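Shared between the two complexes below is chain A, which pairs with chain B and chain C, respectively.
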Partner chain A sequence: MWSMDTRIAWRNIWRNPRRTALTLLAIAFAAGLLVFMVSLQFGSYEAMITSAVGLHTGDLQVRADGYGEDYAMHLVVADPEAVRTVLAREPEITGTTCRARGFALLASPQRTYAGMVMGVDPDGEQAVSTLSRIVRRGRFLRPDDVNTALIGEVLARNLRVNLGDEVTLLGQGRDGSIAATVLVVTGVFRSGQTELDRSTVYIPLSHFQDVFAMRGAVHEVVLRTGRLQTSSELGRRLDALVAGLDMRPLLRVRTWFELMPGLLESIQMDLASSAMFHLILIAVVTFSILNTFVMVVFERTREFGVLLAMGATRGRLIRILMRESLLVTLGGVVLGLAVGSAVTWYTQSTGIPMGDAGRLMAEYGLPERIYPRLGLLSALLGPAVVFGLTMLAALFPALRVRRLRPVAAMREG
Partner chain B sequence: MLLTLAWRNIWRTPRRTLTIMTAVVIGLWAMVLAGALMRGMMASMLDNSLQALVGHIQIHQRGFQDDPVVENRMTDTSVVTDLLRHRLGDTCPGRQSPCWSLRVRVPAVAANARHSGGVSMVGVQVEREAGLSVYGTAGIEGSWLEPGDDRGIVIGRALARAMGTRVGGKVVLMSQGADHDMASRAFRIRGVFHAELESTEKQFVFVSLAASQAMLRIGSGVTEAAIGLPSDRDPGELASVVRAALPGDYEVLTWRDMLPVLQGYVGMFDLFLYIWYVVIFLAMAFGIVNTLLMAVMERIREFGLLKALGQSPGSIVGGIVLESAMILALGAVLGTTLGVLSIWSLADGIDMSVLARGSEFLGMSRIIRPAPMLHDIVGANAVVIVLGVLVCLYPAFKAGRITPVKALAHT
Partner chain C sequence: MPVLLLLVILVFPSFARAEPTAGELVRKGLEYWRGTTSVAEIVMTIHRPDWERSMTLKGWTRGRSDSLFTILAPPRDRGNGTLKKNRDMWTYNPKINRTIKIPPSMMAQSWMGSDFSNNDLAKSDSVLEDYTHELQAVDIRDGVRVYTVSAVPRPEAPVVWGRQELVVREDFIILEQRFYDEDGVAVKILTGSDLQIMDGRLFPRVWVMRKTEVQDEYTRMEYTSLHFGPDLPDRLFTLNALSEVAR
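Then we have the complex of A and B:
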């Protein structure tokens, strides 16, 4: 079943079990650690994206071309119902809602602050975003509400308003007219994102449209698909569909990563910097193993000399040596993969408590624990790199055998 | 005598010694370099947050922290300025010494014909502010404010872009005055600053202290006194001195009080760094133990002979530990040197501007500069030498147990 060379390699490995075990453990340590670390990273990225998509952008959005640059009032989706009708035929879309946003001065009897006013559809918003879940006091908006407001916690504190108090809104409508109304605070939310908590007020979309002279228009149609991965391809297809409506201003479909380029880039940046640290770790392990290989060759120089003198070819010696390295490396990688995956699998269901940082995160409505995410990529990436580099290190003894002269080798040691 | 013996022993087989040493050198190099890079990222995050927050220590009227409005200003600044002048001197020779400055900082609306948006209006003592915040240190088109210039304003590049304006353009600021009425005033843009973070460029507009006081009609009142410290100095000590010296109607806060999240981050960071050290150490320990074990087996006849001549197991163990410690120390010195050299060659920083928006999101600068800390380097060396000697005990005890008979039987 095994070839002669493999069998010799196998026996050679177990000539010194302690050494083999240590080498194997070193490889397993690196591989296992990487499985866990990479899965942990992927898990935290997914949590970040899910929470941002859930609260802010949705998976996809239909907006007027250029709207994202400075949120100009006049760049609207003129006929949101037509857009939704077209999108309703797409089975992948699980939910849609409309939003509008304007900039306004918000004044209480004592204070005045500048803020962002978001018009949201109470029912639609609850189906699509996590906004209703971060209401800390009072209640979320209801469909029959008129001039009610859900206000950020910091803004409420700055304005010195509480549930039931009135806030005067003064802004500029879509057509440049003055937009003014009096809002009644029915809820206070806290997202943990300072910007949002400090400056945002949510009001019912219908009231927003009246006050800001929107004439039925909105600024964003938010779509959920429930699957982050398909967004890009789906986005292109929907873009063509929406363009077919020929609405003025021109409509475009944007995916969550186009809407929040900072989020994606921060993930890439984290990936780049952690890749650097992982590579340093792998380099140290590789050197550690190279160390062992070097010593083994020195120790066995005499043996190689004898084998060569007896007529073994250098090629065959190299084959046997490479096979020894392959067996040990493979053993180590498989062991690391198994233990790493098992630990990851276990923590995936329980989560990893983050101590003080966890309490802070809970304060902001984020999960208190980090859940690693074991996937094919996150499991295999680290071990594959370890395997490749270790086998590269294994070339060292092989190269040495090539330069070996039998007589000199036998005299050594 | 023992030292000389150990020293000669390790150079009897230079190849083996060098092999072990390489592992130590690589390990320490990795620890020192990665540690400095991590500190660098942390420092840039901290720096950017502090610049946005402006200052390591802030003094307010009690209540301002909870409700940062102009009503909660300090009407009489003499108590605070006398104390600061007495404690820190009146001039600010540069970033390496503590500086202080008075400010008015209130939320405002900045508007021109094209755009209006919320900003923080900061009235600064123009001759003092430089070095305390982004003001006076960031890159600028045009110029910073001249002393006595009460009509000039400096805004950030991102805000200027949103407003479609540049140096020479007009900006109107509106804010709530001390009497609850809206106060507004027109300013001419003297300079446009470039900050590390776009959010800083969007958030802050700077006018002279006198201009802000006149606009808000608050006389000589200010909202805060800020103290900037050299970055390696802990603010707690000075803060408690200042707190004790001021009457109870002032509150003295350090950045640790103002940014609890960042504080938590910094704490977690030290832990991460040491976990990293131990992980790297474990990775290299496998190689060291393996090599030492092989060395012991190679020298089995020598140890057998020493035993036969009457040497105690303890002195054999001691000898091997001493040899290992020497190799570890030598490797540590070389590795640290190599690490410091790498840090030095990276002193200009690693440019991350390809992912500029990502660094913005994380609140980091576009360029990551390694920030080596002496205690990190000492810590890395300590981890390697202490844990290194510990793991060397295993091969050493194996050597100590060798008997002359076993050694003879070994071929």
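Then we have the complex of A and C:
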């Protein structure tokens, strides 16, 4: 059963039910809002990572050492089949596909633009990436295609080409020879990422290897693990594995966060700026609660004087006060956690439509609805901070009791 | 009498040979380099730390504005060509039988994978037209006076360099062209060497374009034959000729 102190604290709380309820609601509001906001943030980061990993990098990639610096044509994975054979033995790898990349002049009868040409394996991409899902007109590449092209929407518009039209490609092959071909547009894609839509053409890998004199080589072996969390540890282990192949050029394994450092940086930046915002929210709530607690102690100075005169120790008074704060704070945090989690859980299944902002978010490759992600961390982080700071705020007025002189205190109030 | 002799000795050199102006050095240097017309066969070697590649080119030039190059070897690239007229450039590929005009956005890019940019070719006369010239140094090498001309872009000129330097011999043979960025750092250096009599004219047979920021990367152009002054018809510098010249 409750101790005497707890029972006294409980009764004290209900001396002014309205004030207690307001304080409790303020805490609940802060805690609940934080649960939702943090879950929403985590959800949107997850969406960013999932879509970028799905479309661009895969979870991990095998590349020649130094390839990422300026995508030099001759830094190839010379024998991609050997790499895939070795990786096929890894239970954590659920899918692989190969890509090659070149920069070229892309010309229609009217216009010429510089662009990036990606050679992709039509079957492999469908198994491993979301590329086939961003085709807006026409169709995705097929395994028996030869010189077909899936072209970015903005690039297609700039070149003034449509489905069935020809695009001339002129670039430089792996050995420095001239790479030239005529492509037929069979599909137009839109990723929402301006850079990609404006400059990229996907063609079948086999045709790419022909035109760019790749002699069977590729530039990237894309790996999927089927898990959101890609550990650096797995990266290091696979790195040692492909290094064991002793291929020239030297191969390295890179995780998606090494391949897209900008993505992780922008997430960290967003995290830092939103942490600031959340701290301000918590500070406001904490100060209003501090105010309440100060009032409580101030009002009861006379009462405390009497209790002290009757022989109650200061320590016991502090304990009672702290227990009062604990009950209110805990009640608020639990209520906030419950309501916040319920709202989050509900929106997690329906998603939150972003309206106009959704179009903006499409620029970053995000879906137009965001789904909050309720997890242990996202649920408990905010309430825990609110709890800690509120208790700290309660401590300050409680400690005033230590300086009370019984006689002086009884004269007050 | 000795005073007069001394005076004559002191004054004589300036009588004997009037110093050319900086602008004159650049103009005559470019004219000497290109001739009125020229036909040349060149072996171009692109060198990188881990690979090297050579190709044989045939080129026709007329004045400072027109030129036509076609690849003779390796066989895989045979027939690929570049036509330059004034400051426009086209490229032709025989495999797909198409001619593409190089867009402005690609002019700063490498020409056929070499250390020369499209602009280096298309704007070869830019150092004369877009720059003001100043004589920077005169020294004597192998008994020949060698002038260093500093060229600073005119304020409104559409150029990418902060400054250029030309090293020109007194007989107007250009020995070196240095390209500086806006911070005054040399970015690319084109050096001529192996002066030989080619078609009756003293000419640097080997040209090397080197980027200064990387080690062991350069493009070497070696003239295997060179003729000045042949009569070149107008139709040689047309898109039709570009696609037909290698056949």
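Everything that follows uses one rule, which is that the second predicted complex is superposed on the first by the 402 of 413 C-alpha atoms of A that agree within 3 Å, B and C clash if a C-alpha of one lies under 4 Å from a C-alpha of the other, contacts with A are read in each partner's own complex, and residues count from 1 in each chain.
Following the convention adopted for this analysis, a contact is a pair of C-beta atoms (placed from the backbone, for glycine too) under 8 Å apart; a residue touches a chain by one contact, two chains touch by 3 or more.
Just so you know, these numbers come straight off a predicted model, no measurement behind them.
Novice: Give one word, clash or fit, describing how chain B and chain C relate on chain A after superposing.
Specialist: Clash.
Novice: Classify the contacts of A:Ile267 with the two partner chains as first (chain B alone), second (chain C alone), both, or neither.
Specialist: first
Novice: Quick check on the superposed pair: does A:Arg402 touch chain B, chain C, both, or neither? Answer first, second, both or neither.
Specialist: neither
Novice: For A:Arg237, select first, second, both or neither according to whether it touches chain B, chain C, the two together, or no partner.
Specialist: A:Arg237: touches no partner chain.
Novice: Contact-wise, after the overlay, does A:Ala114 reach chain B, chain C, both or neither (first, second, both, neither)?
Specialist: It touches chain B and chain C both.
Novice: After the superposition on A, what does A:Leu105 contact: first (chain B), second (chain C), both or neither?
Specialist: Both chain B and chain C are touched by A:Leu105.
Novice: After lining up the shared chain so the two structures overlap, which partner does A:Arg7 touch, if you call chain B first and chain C second: first, second, both or neither?
Specialist: The answer is neither, since A:Arg7 touches no partner chain.
Novice: Per the contact definition in the header, classify A:Arg142: touching chain B only (first), chain C only (second), both, or neither.
Specialist: Neither partner.
Novice: If you count the residues of chain A that each partner touches, which comes out higher, chain B or chain C?
Specialist: B
Novice: Examine A:Leu170 and indicate which partner it touches, taking first as chain B and second as chain C; both and neither are also allowed.
Specialist: A:Leu170 contacts chain C only, not chain B.
Novice: Looking at chain A, which of its residues have contacts with both chain B and chain C?
Specialist: 105, 111-114
Novice: Flag every residue of chain B that touches chain A in the complex, lowest number first.
Specialist: 15-16, 19-20, 22-23, 26-27, 30, 33-34, 37, 41, 66-69, 107-109, 115-118, 162, 176, 180, 182, 260-261, 264-265, 267-268, 276, 279-280, 282-291, 293-294, 298, 352, 355-362, 364, 368
Novice: Mind listing the chain A positions that touch chain C in their complex?
Specialist: Contact set of chain A toward chain C: 74, 105, 107, 111-114, 168, 170, 172, 175-178, 180-182, 213.
Novice: Once bound in the complex, which stretches of chain A touch chain B?
Specialist: Residues 18-19, 22-23, 25-26, 29-30, 33, 70, 103, 105, 110-115, 157-158, 160, 199, 261-270, 272-273, 276-277, 280-281, 283-285, 287-292, 294-296, 298-299, 355-357, 360 of chain A touch chain B in their complex.
Novice: Along chain C, where are the residues that touch chain A in the complex?
Specialist: Counting only chain C, the residues touching chain A are 46, 48, 50-51, 53, 71, 74, 76-77, 80, 91, 93, 95-96, 98, 100-103, 105-106, 109, 112-113.
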